[in-house]
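Across the two complexes that follow, subunit A remains constant while its partner is subunit B and subsequently subunit C.
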Partner chain A sequence: MIDSHLINEFYEALERVSGYIYPNEIELQWSVLIVLYPYITGLVAGAFILASLVRVFKVDEMAPAYRLALLTSLAFLLVAPMPLNAHLGHPERAYEILVTPNTNSAMAMFGFVYLWYLTIVLLLEVWFDYRKDIVILSKTKPAPLRWFYKILTLGVDDISPRALALDDKIGRAITVIGVPSAVLLHGYVGFIFGSIKAIPWWSTALMPIIFLFSAMVSGIAAVMVIYMFSCWLRGEQIVGARMKCVDTIARYLLVSLIVSFSLEALEMIQKAYEAEEHYDITVVMLEGMLYLSMLVVQVFLGSIVPMIFLGFVRIANVHERVRKAVYAVSSLLILLGVLAMRWNVVIGGQFVSKSFRGITTYKLGIAGREGLLSAAIILILPVLILAVLVKLFPPWESADKPTEATAGDPIS
Partner chain B sequence: MKNARHVLRLAAILVVGVTSFIVVRRLLVPATFGEIGHYRAAAIEQIKSKPVRHAGADACVDCHSDVSDLKSTSKHAGIHCESCHGPGAAHAEDPDSADARPTRHLAQPRRLFCGACHSESISRPPFMRQVHLEIHYPKQPCTDCHQSHHPEVEK
Partner chain C sequence: MNGKRGHSDTLTLSAGRDFSRRRFFGVLTRAAAVWGLLLNPLKAFAIRLHESPPWRKKKPYWGFAVDIDKCIGCGRCAEACKVENDVPREPFWFRTWVERYVIRKDGEVEVDSPNAGIDGFPPTQSPETVARTFFVPKLCNLCEKSPCVQVCPVGATFKTEDGVVLIDRDYCIGCRYCIQACPYGTRYFHPTLHVADKCNMCYHRITKGLKPACVEVCPTGARIFGDLSDPNSEVSKFSSENRVNVLKPHLGTQPKLVYKGMDKEVR
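Take a look at the complex of A and B:
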């Protein structure tokens, strides 16, 4: 007998489409969780690239935020597979992607890209960077915690200058591998979207680059917010070296925002000028369901306003307090804008039917596996993880002494 | 190499990690995986052994020739019995079993049931006649006026 619930649902779904669409397009397959996935990996890659600016490119002004950027990257990376698992269901089968990967599938490579990035790049980098602290903590902390640090030292408490110099060298080598890996991790996400032929909104070779730059923008903005917030939490004034640090972060934020915005604008202008057969329906979507999230939030609030703000404080000589406020507000706006951008790409792309003659809509539920609540949990979780990481591995010690081993020069 | 003991231990852990992955992988890959394609060959047997739930288009004709004769001259001729009545293999096996009996009164609300194919939607091909459920004699079951097996109304 036919399930009345299914019929009801089907009937509701029908009411949400307009124009001609194919039957399999009624229901959006990639939900809000798939919006979060590129957002989170973007934050990972962006925060890591910021950290590597300090490590590899020796932008020492940002040294106070270096370790925090690394931990941010790690916290978000730990959560990155969760939206995928929640979306696909059956997390107990997740290991299969590593055990029997389909080598013809770009998606199946995620497990390896992820593992590589997690273990070889981030965990190792954090370990080498923190080894000295871990050894010290393993001797000073009270009992149960001490064992935890003891295990992390791998039983070696050698923190002689030569050992630390070696750590630093290896750490830098890892960062050098890490930058292309971060590019790979996020470029890969863009590649997945860019290679979906059925959706013209995605299918462009610019996609990996656009994703990469928006990742840098969001990652840098996240580090800015988290850094400023943690300074405030610890009651530290952002002055002197710290002010210099946020000034420098803001500089990189502005540059990457300009590049990212130009790339996105370039793509849109090109689409508008080419005006291929799918363009008309894209305009319908832009003027309708994407108006708020794309034109208002992504383009205006998330890009143009922060660009004007950040640009203004760079050319005009404004007071530090104004600058800080501008940085905080711009970074928050950017974080929102990039989230909107992921939404517009992932959800917007699926609105348009391959017939180019019809549009469907998306109903975001509150509860449920792919609802608003699980999305909120997945977004809040990295912040909690970061709080724990910061407690376990305080990133501050060297914060006020940028000449420490962490900041660059090896002690020899 | 004197100050590199921690690096050596780390390298050892990595080696152990990679080797145990290789070992564990051998254990985890299902026995018949990859014999035919990128899946478990044994899955085919497993699926084959599942009970059949649909009887097929012709199975109902023998016993319900009245319905099928009626239907075959109507616009619903091309729609299989089980599209509306649901899987009927168990019923065709044992028509007396009350548990296996296909529902006569289909999914409630019935108007939505017919609407699954007939409600107005621009994305449907025009040969599927469409009505606005809110306008087309609302609140009355479709079957008051249309015989499901011969839905045309005499004009």
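Take a look at the complex of A and C:
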């Protein structure tokens, strides 16, 4: 039996089609869940790249946010496969991607890239970074928790300076591998779309790079928001080293935003200038269903406004309080803008019929497996995971990071 | 081996035996490297260029042709396909459909395919303004370089020895990537099986020597199916004796579905 709900939905969609679309195109194949997938992996890659700035490139001003960025990256990575899996027609067969991958398929690489990134890069890096804390916690915490940390030490409880120095070295080495891995993880997500020649809206060699830079933008903005929010939660003023930290994050945010925006603009200009056979219908889409989400949210609110804001506070000498407000607002706008960008790519690419003669629509339902509700859950989940991670592995205090001298004692 | 050693000895009489042998192997490895790095890809490229089409090598190798001038838009093919292949009856899922093109005198193009043409087409409005009109049946293009096969992450979509692209329903994970990748919109997501589905050229019929259902029922012979490896088959003759074209040739999918009399407005 076919779901009668689905049938009704398609009959309604039939009414909203304009022009001619191929008969099978009534159904939009990739829903809001596939919008979340590149969004979440983007946050993973972006937060990690920010963390690696501290580690590899020695941007010490951002050290207070380093561990938080790592945990953010991990929390989002744990959720990343969920929207994909939830979208599959046969989730129970998902393991086939790992067992019998088609090596010609971009999507088949997901499992491997993901596992590599999760186990080799993030988990290892977090472990080496936290090893000292874990050993201490395994000795100071009360009984049940103590065992948890005990297991996590993996039987290594040497925290002599020599051992710690080695940890640091290994950690740095992992980050060095981690940066290209993060680039790979997200560039590859861009390739999933960029390599589909059937859909001109997607098919561009720039796609992986565009995805990568927007990932950095969103990841950095996310760390900014989470860092400021957690300072507020802990009742800590953002002053001194912490202010320097957010100032530095904001600087990187602005730079990556400018690069990202230029790339996207370049791509659009190229499309408009070449004006191939699909161009006319693309314009119809831009002026219609993508007007709000692309021109207003992605371009204006999500890029131009934050660029002006962040640029202004860099040039003008404004008070710290104003700066903080600008950072918070800009970061939130950017997070929204990048989400809109993912939407515009994933959903927008499916609006235009492959006949280039018509446009379909997409109605985001509330309930259901691919509705707004499950999307919201998938977006909130990483934040909850992060809260748990932060509780288990307090990112605030670290003896070898002197910039964070004012942090309170998180263990007690 | 002996012969080789003797040869290298005579080459370098004055030098020690070991040295000559080392030098000989040095030259050999370098030659192999040059061969591997430069000549092999060149050779592979040359072979690729002169590669004969698969239907010269494999028997049978299926092809399809459509004579647009013969199609009367009765939609019996689309109906037969739904019945033969258990395609869901609702008007959102089709393995084949018939498009009607109406091109007005002012250049305006109207295309429709209500329920794939199964129930016929509504009368054309203001016929006096029509410049030309025709029907175009659509189905899987039998891409030789099929994007759908390329992207399937688990290999559930595959090309058979005889050139047809099929889907393994027990293996498809339902990711819908192939539906995105097919430039011709011929794939859909099966609403109850939750796997991708498409025209399979009635594989269960053609492997028994029958024609696909749509070809069988077409009253005008607009759909032609057969073996490309046989130069005397109807489809081979039709394709070689007529000026035929394929859909979206610039995408390099190399369809084995060809159209005769295709208008520039057909996409």
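Just so we're on the same page, the second predicted complex is superposed on the first by the 384 of 412 C-alpha atoms of A that agree within 3 Å, B and C clash if a C-alpha of one lies under 4 Å from a C-alpha of the other, contacts with A are read in each partner's own complex, and residues count from 1 in each chain.
The rule is simple: a residue touches a chain if its C-beta (ideal position, glycine included) is under 8 Å from a C-beta of that chain, and two chains touch if they have at least 3 such contacts.
A quick note: this is a predicted structure, and the numbers were derived from the prediction, not measured.
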item	value
Clash or fit (per the criteria above) of subunit B with subunit C on subunit A	clash
Subunit B versus subunit C as contact partner of A:87, first or second or both or neither	second
Which superposed partner A:156 touches (first subunit B, second subunit C, both, neither)	first
Partner touching more residues of subunit A, whether subunit B or subunit C	C
Which of subunit B and subunit C A:102 touches, first, second, both or neither	both
Subunit B versus subunit C as contact partner of A:8, first or second or both or neither	first
Partner chain(s) touched by A:17 [first = subunit B, second = subunit C, both, neither]	first
First (subunit B), second (subunit C), both or neither touched by A:136	neither
Which of subunit B and subunit C A:30 touches, first, second, both or neither	second
Which superposed partner A:364 touches (first subunit B, second subunit C, both, neither)	neither
Touched partner set for A:356, first subunit B, second subunit C, both or neither	second
Touching both subunit B and subunit C, residues of subunit A	1-3, 7, 10, 14, 20-21, 96, 100, 102
Touching residues (chain side subunit A, partner subunit C) in the complex	1-3, 6-7, 10, 14, 20-27, 29-30, 84, 87-91, 93-94, 96-97, 100-102, 104-108, 110, 192, 195-199, 277, 350, 353-357
Contact set on subunit C toward subunit A in their complex	88, 90-94, 97, 99, 109-113, 115-116, 138, 147, 149-155, 171-177, 179-189, 191-195, 251, 267
Complex contact set, residues of subunit B against subunit A	2-7, 9-10, 13, 17, 21, 25, 28-29, 33-34, 38, 84-86, 102-103, 106-109, 112-113, 115-116, 119, 121-123
Interfacial residue positions of subunit A with respect to subunit B in the complex	1-4, 7-8, 10-11, 14, 17-21, 95-96, 98-100, 102, 119, 124, 127, 131, 153-156, 158, 160, 162-163, 166, 170, 358
